[in-house]
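Listed after this line are the structures, all set down as structure tokens.
In what comes next, chain A is part of two complexes: it sits with chain B in the first one and with chain C in the second one.
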Partner chain A sequence: MNAPKQKQKDPYSLKSFRVLVADDYPFMADLMTSMIRELGVEHILLANSGAEAKEMVMMFNADPGSPNHIDMVITDWLMPGGDGDELIRWIRDSKKDAIKFLPVVLCSAYTSEEIVTIARDSGANEAMVKPISAKKMADRILHVINHPRPFIKTPNFFGPDRRRRLEKYKGEERRVMKPDEVKETHERL
Partner chain B sequence: MAKSKSKKIKASKELQFKVGTGKIDEKVIKDAQKALEDSKVDFAPLARPDLNKLQKAIDAAREDFSDSDAVMDSIKTPIMNLKANAGSFDYEFVSNLTGMILMFFESVDKPDKKVIQIADVLHKTILLALAYNMSGDGGKNGKILFETFEQICKKYKPST
Partner chain C sequence: MSDSKNENEVEIYHRVNKLKLKAGAGLHDGDGFIDLHSIKRAQAVIDRKETLYMNEVEDVLKKLRVAWEKMQSDDEETIMHGKEELYHYANHVKDLATTYNYQLMGHFGSSLRQFSEKIDVENKMHFVIVQAHLDVMFIVYKEHIKDEGGDKAVELKSIVAAAIKKYF
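Right after this comes the complex of A and B.
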């Protein structure tokens, strides 16, 4: 068995985590920044459009050897100068590994089902429905870190596996999630 | 056997090696939520551009609502922004109301005069909510307004 190349650090030290927030509303961007900072992330970059986000991703992640890679992009869906889903497609179409595998969380005020579909099909790792809360934000960030998904490459799609792993039914236990958990999952979105 | 055109690339654990795994302390999340709630941003000026966009979309729709998708998109987009921002800046009532109306608009195939009227009343209601600082859940009046809108949406029947 191959041993991991790097030794794991203590649980959750988000200090070195680098997040790019792309949102055209300066107030919303500031709000998200202060919240993410409270969660322990010290390196937060801001972009006020999809185009600016692309420039920043290129600047920080184009060089594979750079120690300052952006680790995650949190992007709004509707923005001038390139929407969030366009940004995600651009990221997934990149030839550079440090860009194309970049985890992305798509935020939108749109109704849950639609945003989840758009996010899934454009190659986002997670979707988050606004209004945001600290719990929602922490859940998304931690989910991407704790449950990395394999990537799928087909002629029409490149992105995290769109099929979530399902638990097998055991005996008569047919219901995997309790009703409260289903509700909780919907609320999480 | 034909070769599959799809390829699966193993999940990367790079981020786990960088930051660790586990949970974030509940207190940290509470503090982050407090930072959000303590932000002294006034929602009213923030909402103004979206309210103006909504007004323009309603005016344009009154003139011509033949292009259903374009009309609904122009109305829904500012409402979506209002929903998102209101919730983040302690206007839960406005956020819930716009969220409910968005869901109603989702069910509309073709906009008609009644739909445009609902959008117009919503616009005026948000203006009043901001003028009267109806932050939080909007209190008793917020509840009445929400239920009234809910009834209007339930009773809606498309024009024939």
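Right after this comes the complex of A and C.
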């Protein structure tokens, strides 16, 4: 058994991160960007609708060689002109790796149980239940960095593995594919 | 991605954790953290902006009233536009109010947003419910009522509940 990894001594530096915030309400958008800036992120983009967020993602991430990729999207759920669900599905449907694998944090006022289901099924990496707070935001960003999940592609879904814990399944065997038939791809630097 | 013909095919992509590298850690390092002082400063940003709450909520309530006026127009497109705006501005009220723990305003923002999903613009009875929401929200704003538990809050909630029960 591997020894547990030691926690790091120094805090993360988020200054080179580029984060896109999508929120149609200017007051909340300003609150989010100011908060994220205080957490150390120096490059923050703001979109006031899902449609504008798509344009920005295309602008920054369509070119695979660009050094200015957006690293994370933080999106509100309810927005006119393309909501968070539509944005996330658009991201996951992209043919471009720099877009389809983009980490997305979904913010919503739904109850934590509802939003976890919504986020899981839409392909978001993390969900944050409103009202917002700095601790909640920091926790979600940290979770994306510390605990990335592999992406799963099935005929009906593409997104982060919806299982947060890998435990041995004890129920009836209903898998259509045997584990050794599942294709696994390991990205290399 | 492969173009396999197997319609049940499952693929798993293990990605390099580039965010961890970008944050200054090594791929095999343990969990990192965000500086606690940064988190406190970020929370202070939220807290400081509470002074803007009254002006901001007044602004959104005015927008709600404009949306409501559009819903009373004779033009179908204007009505539908007003309905959509009502939904989103009610959501803004809820977001703003709950951020600063203005529970009663948050309650009515949430209630109006939920109701606006069900509004039948042909049914004038539904309009009474919208009007009831707007009336109590302006009272909550003018009387600066924060909590849900006081006598006035209970009375206002009962007004809206009665309107919903009678007209929906």
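Assume the second predicted complex is superposed on the first by the 154 of 189 C-alpha atoms of A that agree within 3 Å, B and C clash if a C-alpha of one lies under 4 Å from a C-alpha of the other, contacts with A are read in each partner's own complex, and residues count from 1 in each chain.
By definition in this document, a contact is a pair of C-beta atoms (placed from the backbone, for glycine too) under 8 Å apart; a residue touches a chain by one contact, two chains touch by 3 or more.
Being a predicted model, the structure only gives us computed values, none of them experimental.
Novice: Is A:155 in contact with chain B, with chain C, with both, or with neither (first, second, both, neither)?
Specialist: After superposing on A, A:155 lies in contact with both chain B and chain C.
Novice: Identify the partner contact of A:110: answer first if only chain B is touched, second if only chain C is, both if each is, neither if none is.
Specialist: first
Novice: Who does A:132 touch here: chain B (first), chain C (second), both, or neither?
Specialist: In the superposition, A:132 contacts both chain B and chain C.
Novice: In the superposed arrangement, which partner chain does A:80 touch: chain B (first), chain C (second), both, or neither?
Specialist: second
Novice: Which of the two partners, first being chain B and second being chain C, lies in contact with A:34: first, second, both, or neither?
Specialist: both
Novice: Looking at A:55 after the superposition, I want to know if it touches chain B, chain C, both of them or none. Which is it: first, second, both, neither?
Specialist: Neither: A:55 stays clear of chain B and chain C.
Novice: On the A-aligned overlay, A:63 touches which partner chain: chain B = first, chain C = second, or both, or neither?
Specialist: Touch status of A:63: no partner.
Novice: So which bits of chain A does chain B touch that chain C touches too?
Specialist: Common interface on chain A, chain B vs chain C: 4, 6-8, 10-14, 16-17, 25, 27-28, 31, 34-36, 38-40, 71-72, 78, 101, 103, 109, 130-135, 137-138, 142, 144-146, 148, 150-155, 161.
Novice: Please name which positions on chain B make contact with chain A in the complex.
Specialist: 5-13, 15-24, 28-33, 35-36, 39, 41, 46, 77, 80-81, 83-89, 95, 99, 102-103, 106
Novice: Could you please specify the touching residues of chain A with respect to chain C in the complex?
Specialist: So the residues of chain A in touch with chain C come to 4-8, 10-14, 16-17, 24-25, 27-28, 31, 34-36, 38-40, 71-72, 78-80, 101, 103, 109, 130-135, 137-138, 141-142, 144-148, 150-155, 161, 176-177, 182-189.
Novice: Quick check: in the complex, which residue numbers of chain A touch chain B?
Specialist: It comes out as residues 4, 6-14, 16-17, 25, 27-28, 30-31, 34-40, 71-72, 78, 101, 103, 108-111, 114, 130-135, 137-138, 142, 144-146, 148-155, 161.
Novice: If you look only at chain C, which of its residues touch chain A in the complex?
Specialist: For chain C paired with chain A, touching residues are 1-2, 4, 7-17, 19-20, 22-25, 28-35, 38-46, 49, 52, 56, 84, 88, 91-92, 94-96, 98-99, 101, 110.
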